[in-house]
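What follows is a pair of complexes built around chain A, which joins chain B in one and chain C in the other.
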Partner chain A sequence: MAIWDEFSKGIVKENPVFRLVLGLCPVLAVTTSLKNGLGMGMAATFVLVGSNLIVSIIRKGIPARIRIPCYITVIASFVTVVDLVMAGYLPELHKNLGLFIPLIVVNCIILGRAEAFAGKNNPLRSLLDGLGMGAGFTFALVITSSIREIIGTGKIWGLVLLGTRYNPVLFAVLSPGAFVTLGLLIALFNKLEARGEA
Partner chain B sequence: MDIARLLAIAIGAILVNNFVLHRFLGLCPFLGVSKQLDAAIGMGFAVIFVMTMASVVTFGIYHFILAPFGIEYLRTIAFILVIATLVQFVEMLIEKTSPSLYSALGIYLPLITTNCAVLGVAVLNIDKSYTFVETLIHGFSAGIGFTVALLLMAGIRERVELADVPESLKGVPVAFIVAGLMSIAFLGFSGLVVE
Partner chain C sequence: MIRLTVVLAVITCCAALALGFVYKGTQPMIEEQAKLAEEEARRLALPQAMCGVMVSKESKGVEYYEGYRFPDTTGLVGYTVKASAKGYSSTIEAVVGVNPAGEITGMKIISQQETPGLGTKIEEVKSFKSVADAFREMTGTAELHTVSTAFTLEDGEEVCLEVGIKDAERTCELEEAVAAEDTAGIVTLAPGVFKIEPGDSARVFGDPATATALSVAVLEELRRESTPWFQFQFIGKQYDDIVLVRGQTDENIQGITGATISSRAVVEAVRNAIEDLDKAVGGFKGN
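Take a look at the complex of A and B:
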């Protein structure tokens, strides 16, 4: 079913992080714990869905030459909404994500989807595309942050998982751990892709 | 004017809190343009230039326009539009004044708009409430830090390309692992400067 495909393609087949290798900065920076990873995923999904929908609705009224500044303004407005709402209701998460909330504006996934998809398709399809890509992005953040939190602290969602005898490998929650974890995950997805085709 | 503090900011931005390896900003160009050393040099200089300019301009916008009117919450929208315009303007200016530099930087200039290191440095300057001179130094040295990481990476990657890497690790994954090892090396600088 075509409509369903717009949603499901973003999760594995065209996963923005593991397959398209886009929007990497937050995936590395905020994935020290599952809570932060999930929060970032939700924030980005909201912006992605909102901007895809609005861009798709106004796509016929925007002159082609100035479309990129228009898209950026729409995206930046949604990011400001997320920033203010999160500062008001989830101050702790807002503090943890810090700099990376305003930086959702320059996340290549969001501008990429506005340009490649929402600017050419109807609002319903664009909405589903945004939801799917957002889900794929959140999925990548959740996997990366779970691995790093379990290995790095022995906990998940702040709850002790591996018991007191486990000696946490601090490496995983430090910056080098982020690079190595994501590198290995992308390699794993490449491997799965190659096996699927063979 | 405290020279020691300015030095601390500069060393902090280049080595300790390196924008790429510690703050994770500007990874797309870091991975995209680090395949060849020549291209990396061009990109590096373009980024230093734009980051310094963007720091100065956003400082002015924030302190003379947004803050007096109490509309600081429009910061994200204002900054990204200013940076996009600035990049466009710099591109036109270089094209007119120095065609040779333009052809060298050419394709990398438009890419810088979506480099999150540029918006990142602008937002950080405000968050840390730096003065004008501190902002200038921070923007410039953050650009240097980005360029150092990019050049090191490009040098290493040119060799990794020749190495026998397992099929599924080729390209991006092995670049990430190399970046991880570089990041370990840069961790050694932490504690060098107390901010």
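Take a look at the complex of A and C:
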């Protein structure tokens, strides 16, 4: 597989949220605004890239029996770095994302890529895989949060988009709105995929 | 088996070392953020001193702040003190403001790690409104625009609220009037206190007197909406009120119910704060 394919597969073809249906917990929980969605996407991408790279580098020295604890230790370290840096430099975002930052440790996408890809491939491919998957995850969060913020508040990134006469549909920023938006987006991706295969 | 142990030990040691460096690098900034958050909490707990100054004091082992209406430390409006109590899964820390009459002027929880969706409701905010949102709702008009000039309210505490006042029919005329105002005393609210966004202002229809009255109402509305509804219940109550309500049965519950371990802990923290102030300054606990 070409280097570019290694990166691009995670964005659409194997998008972790819309195609693999992984890591849905933060997608449902923090996509109430574009700021939160982008923040969570960037944080997860950093952890994905870092953990993929380190796991790939040390993969040959890790006995198979303890590979999962080792992967988790690496992932948890990167998550702690994100948590500390965000608490110090982006306190508002850190407060908004709250518990979902530490919960990146148990995000299926990250452990999944470490186990299924980084543990079997060289550092360059693993790095690109992490970047692509991170970009795909961020893309999903940005799309979902943008739709919810626009419909639910009439704004995007705090800026009024639909005019002051627009009556916000609060449903969109509440939990049911997250399920409905995500369901419709997954359906749309399936439709596009089916059309592409036909 | 030994190899497995050694490999795992090496990886964890490397991780610990790396995290130590990151912690060392971020710690000053995290402490600075905590300091700023506490400062904002004090302003929210004692909004009457928003335009004035808070002076750090210590008496009988209690650290507290005296809040003054004016920057030259005149016009004592109350005190703020930090207190804590054990919640369900964490220690809840709060800053409580009390006026000289012993009434709670406000409180802000600054630290808690309670159960998401349950205990964390102690910090649940009814809604986040900007100044423009509040004005729009209260005036019923959708025609709101940012104005470059600001008008400072002149009566008492509300002098902090910076709003633009215009008249739909006489915009230019009023703009000139606003521009002619002495703006030397304008104090803008700290960002985030009432969710004022950069450049956020509102157009108020009507004469300045009506607009001023409306602005006061908006200030109250914003405070009620932006303060977590659970914490808002404490405002205006005294030490004995809290004890009395907690001691009652389901009948006649007036507000603070302590329905969860977390909310009971907040009540405990507020009581601790008032007890500390009573110890340091005196006259807050009643009989």
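Here is the rule we use: the second predicted complex is superposed on the first by the 197 of 198 C-alpha atoms of A that agree within 3 Å, B and C clash if a C-alpha of one lies under 4 Å from a C-alpha of the other, contacts with A are read in each partner's own complex, and residues count from 1 in each chain.
Basically, contacts are C-beta pairs under 8 Å (C-beta built on N, C-alpha and C of every residue); 3 or more make two chains touch, one makes a residue touch a chain.
What you see is a predicted model, and the numbers here were worked out from it, not measured in a lab.
Participant: Go through the superposed model and pick first if A:Val105 touches only chain B, second if only chain C, both, or neither.
Facilitator: A:Val105 sits against chain B, while chain C stays out of touch.
Participant: Applying the document's definition of touch, where does A:Val79 land relative to chain B and chain C: first, second, both, or neither?
Facilitator: first
Participant: Name the chain, either chain B or chain C, that contacts more residues of chain A.
Facilitator: After superposing on chain A, more of chain A is contacted by B.
Participant: So, A:Cys70: does it touch chain B (first), chain C (second), both, or neither?
Facilitator: second
Participant: Pick one for A:Gly61: touches chain B only (first), chain C only (second), both, or neither.
Facilitator: In the superposition, A:Gly61 contacts chain C only.
Participant: For chain A, give the residues common to its interface with chain B and its interface with chain C.
Facilitator: On chain A, the overlap between the chain B and chain C contacts is residues 69, 73, 76-77, 80, 84, 98-99.
Participant: Residues of chain B touching chain A in their complex?
Facilitator: It comes out as residues 21-28, 31, 73-77, 79-81, 84, 113-116, 119-120, 123-124, 127, 166-170, 172-177, 179-181, 183-184, 187.
Participant: Show which residues of chain A lie in contact with chain B when the two form their complex.
Facilitator: It comes out as residues 21-22, 24-26, 28-29, 68-69, 72-73, 76-77, 79-80, 83-84, 98-99, 102-103, 105-108, 111, 174-180, 182-184, 186-188, 190-191, 194.
Participant: In the complex formed with chain A, which residues of chain C make contact?
Facilitator: Going by the criterion above, the answer is residues 3-4, 7-8, 11-12, 15, 18-19, 22-23, 26-27, 29-30, 32-33, 37, 116, 136, 142-144, 197.
Participant: Where on chain A does chain C make contact in their complex?
Facilitator: Where chain A meets chain C, its residues are 58, 61-63, 65-66, 69-70, 73-74, 76-77, 80-81, 84-85, 87-89, 91, 98-99, 158, 163-165.
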